[in-house]
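Following this line, the structures themselves.
Below are two complexes that have chain A in common, paired first with chain B and then with chain C.
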Partner chain A sequence: MRSWNELETGSFFDANARERAVGMVDKGSFTELLGPLDRFMSPHLPVLGTAVEFDDGTVTGVGLIGKHPVFVISMEGKFIGGAIGEVNGAKMVGSIRLALKTAEELKAAHPDDYEERRPMVVISFETGGVRLHEANAGLLAHAEVMDAFQDCRKKLPVVSVVGSKVGCFGGMGFVAAATDVIIMNEQGRIGLTGPEVIEQEMGKEEFDASNKALVYRTTGAKHKYIIGDCNYLVEDKIGAFHAALADVAAKSMEEIEGMRRIGSLKLVQEQQGLVKLVGDMQPKDSMDLWKYYGNEDPAELPEMTTEEFLKVVKRRVRP
Partner chain B sequence: MALQTLEFTFKSEATQAIAKPWSHLGVTGSGDLEVLMEKKDLGGDVKAKVITPVKGFDQVWERMLAKFVNDTGVGNVSIEINDDNATPIVVYMRLRQALAEAQAEEAE
Partner chain C sequence: MDEMDNTMIGRGRDAIEMIVDEGTFVENKVGDADFDPEYGPGSVVGTAKLEGTTCTVIANDAYAFNERFPVVFGGVIGLEEGYKMATAVYRSMEADADKPLAEKRPLILIVDTPGNGPGKMEEIAGMNKSTGGYQLALAEARKAGHPVIAMVIGRAISGAFLCHGLQADHILALSKDFGTMIHVMPITSISRITKMDIERLEELSKVNPVFAPGVDFFYNLGGVQEIVNKVEDMRPVIAKHVKEVAALKAAGEYEKLGPWGRGLLGDERGGRVNRLKAIAKMNEEFAAVADKYLNA
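Coming up: the complex of A and B.
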């Protein structure tokens, strides 16, 4: 594997799950839990004749950012599209529960300076959702992860990191939306039904999945950043994600709660306001919304580098 | 339908052990594979276990692995491969990369 220094300056988009996990935390601090040597693999795939992977497509482990233990869950899109089955789903849930247990232990051991040691859960999504080979177990895993998020609420931050080839779709799109903070690079995409599936079900007139510019305008990070679904838009460097995570780790739980999208009556009302706005204005393209939020020349935005974009972009102001 | 498990043992002349106790490389992606190498006292032998969905290529696997063992002179190594339809040349390349990883000093 590339060294930590190379990973920090390297592309997040091009990195595999293990490289992302190692590079997003402080140098030399990552310890993998249930790594390849443990051979914790799906029992369902062999009987179906589908290839297996030693880590079941998800790297889990713990590292440090400053004094904060960071529980990392990193999905590998090259293995069955990063889909979630029984084993990698259980690895996700187990990691979050371990973070909660660690939080309780640290609170007891360091009551005075717990805040600076407060653990964090970081999930690097690269997935289309449920692994259809083991669909019931995969769906159950989604529910258990959401449940575990609720247990973390106001105790420790759960952060989504999205910036890999497959994006974050299907049930995991819901899961990402239920986390406290979302960090993306420009290539990052979040959605529920993937573009190809929408085209297949509703027709090319509804959504042309071969039109990559349209796909990125609708599901991509710049749109999510303007609408407010994405909290941090960063350069495509693993180090940039590392820095954004350090920024989150330093915030109070109250500030972090304020970055959420869903999870309270007030937030539901805010989302309903967005639904009403879309109903009233009937936008034909994301650019209509970008213009509504004060971007005079929305067609320019997709062409800009992340740096240029961040300088000029106008975002939805949260009530 | 079910996955195939192939197991081979190779006698190695040179028996050069790997530096790390174990090492992992690659992803079981379409047309690709992952390799797990472990240093083990096998009396100089190389043991290989391949899990693959592909049927009817047992001899090709055996020859490719034998070539790898002969070309590199490794010994006392257990090799485990999870394959997803990799071509022979990809198998050989990944094995060489995995060996390089197993021998590498940890860079800064």
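Coming up: the complex of A and C.
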């Protein structure tokens, strides 16, 4: 594997799950938990004649950012599209529960400087959701993750990191939405229904899944940033994600709660405002919404570099 | 039994009447909050009594069509529907905020939904937030002491089941004789997407609970607490589970309930025996290095 210094300046998009996990935390601080040497694989894939991975396609472990223990979950899109089954689903849930337990222990052991040691959960999503080969177990694991998120509320930050090839779709699309903070690079995509399924449901005239620009405009990071679903839009460097995570770690839980998009009646009402706008406007394209929020030339936004985009973009103003 | 005569698919509103005390269901009212009857027509929310206890009822309406969001029909949960359901949960918590644990009203979810809204407008606005928002509301209500019981009467499909059902304390389902469907995808779609041979999948689906569709398989995995064999039993069985859940909450046994509790049940019933082993091994490995992270 590349050295940590090389990872920091390297592309996040091109990095595999383990490189992302190692590079998002401080140098030399990452310890993998239930790594490939444990050979804890899916027992369900061989039954269907499918190859296994020794880490079941998800890297889990713990690192540090400053004094903050960071529990990292990093999905590998090259293995069955990063999909979630029984074992890697359990690795996700197990990591979140470890973070909660660690928070309790740190509070007891370091009451005076707990804030600067408060743990964090970071999930690098690269997944289409449920792994069909073990669909029922994967589905149940999604619910366990949502349940564990609610336990973390106002105690420790749960952060989504999205910027890999597969994007973050299916059930994992709402899992990401349910976290406190979302960090993306320009290539990142989050959605519930994948483009092919929308095309199948609505017809090619309404939604052409092979139109990559349209797909990015609908679920890509720039759109998510404009409507307020993405909190940090960063350069495609692992180091840029590391820096954004350090920024989150330094915030108070109150500030972090303020970065959420769902999770309270007030936030639901705010989202209902957006739904009303979309229902009234019946947009044919995300650009209709970008224009509504004050971007006079919406077609130029996808062409811009992240830096240029961040300088000129107008975002949804929260009520 | 001829399942077409008995099926409850599409009969969410009938199910409400069969389950709650006669004539007590008031639609579009939870606590002091009123709901706009035009909003999110694919979902039904309201207040009723079950054996005299005030409860919130949340169901799907398979015959409603949402004119603003035309992908919503046949029980689909769309943008408005998800937020409407979430609001019903928050209003339930609000209504009982000052009441003791024993008086937190139960939430009864009547489940018959084929999916979340799969459209372009849904993705532009972020359907993931609507379904996720409802799930977080249910998790919060469950942890605040409200007994949350899901009764699957028809279709509980994939993400829509995660949205409406899988955050409950206990999940009950009508038996497969009623045509009840719990799955992520039918075998034909699994075969198409995974490119696995359909005959082999069909053979395996008879015995493999982990991927194949079916109420009994979900029971085996701990995903369904109890199977209900007669429609007239829905009412007493739901009432029984409300009491059981309330008793566990009174005893502080939250870990036996909800998604985590279903994991324990899946281990007990032999359907999901790997997840707890994986988690135990992770805990053990972290304990060995914890000092570095606790005293950084």
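Rule of thumb we're sticking to: the second predicted complex is superposed on the first by the 319 of 319 C-alpha atoms of A that agree within 3 Å, B and C clash if a C-alpha of one lies under 4 Å from a C-alpha of the other, contacts with A are read in each partner's own complex, and residues count from 1 in each chain.
Methods note: a contact is a pair of C-beta atoms (placed from the backbone, for glycine too) under 8 Å apart; a residue touches a chain by one contact, two chains touch by 3 or more.
Here the structure is a predicted model, which means the values were calculated and not measured.
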{"item": "Overlay on chain A: chain C relative to chain B, clash or fit", "value": "fit"}
{"item": "Which superposed partner A:G138 touches (first chain B, second chain C, both, neither)", "value": "second"}
{"item": "Partner chain(s) touched by A:E105 [first = chain B, second = chain C, both, neither]", "value": "second"}
{"item": "A:E76 touches, of chain B and chain C: first, second, both or neither?", "value": "first"}
{"item": "Touching partner for A:M184 - first (chain B), second (chain C), both, neither", "value": "neither"}
{"item": "Partner chain(s) touched by A:V47 [first = chain B, second = chain C, both, neither]", "value": "both"}
{"item": "When both partners are placed on the shared chain, which of chain B and chain C touches more of chain A", "value": "C"}
{"item": "First (chain B), second (chain C), both or neither touched by A:G263", "value": "second"}
{"item": "Which superposed partner A:A244 touches (first chain B, second chain C, both, neither)", "value": "neither"}
{"item": "First (chain B), second (chain C), both or neither touched by A:P36", "value": "first"}
{"item": "Contacts of A:N16 with chain B and chain C, given as first, second, both or neither", "value": "first"}
{"item": "Least Cα gap, in Å, left between chain B and chain C after the two complexes are fitted on chain A", "value": "8"}
{"item": "Contact residues of chain A, present in both the chain B and the chain C interface", "value": "47-50"}
{"item": "Residues on chain C engaged by chain A in the complex (per definition of touch)", "value": "68-69, 71, 79-80, 83, 86-87, 90-91, 94, 116-133, 135-137, 139-140, 143, 158-159, 161-163, 166-167, 183-185, 190, 193-194, 196, 200-201, 204, 208-212, 217-218, 221-223, 258-260, 262-263, 266, 272, 274-279, 281-283, 285-286, 289-290, 292-296"}
{"item": "Residues of chain A touching chain B in the complex", "value": "1-6, 16-17, 35-37, 45-54, 76, 78-79"}
{"item": "In the complex, chain A residues that touch chain C", "value": "31, 33-34, 38, 40, 42-44, 47-50, 60, 62, 64, 66-67, 69, 86-87, 89-91, 93-95, 97-98, 102, 105-106, 109, 117, 129-130, 132-144, 146-151, 153, 170-171, 173-178, 190-193, 197-198, 201-202, 206-207, 218-219, 223, 227, 229, 261-265, 267-269, 271-272, 274-275, 278-279, 282-283, 286, 289"}
{"item": "In the complex, chain B residues that touch chain A", "value": "1-3, 22, 24, 27-30, 32, 34, 36, 38, 51-53, 80, 82-85, 101, 106-108"}
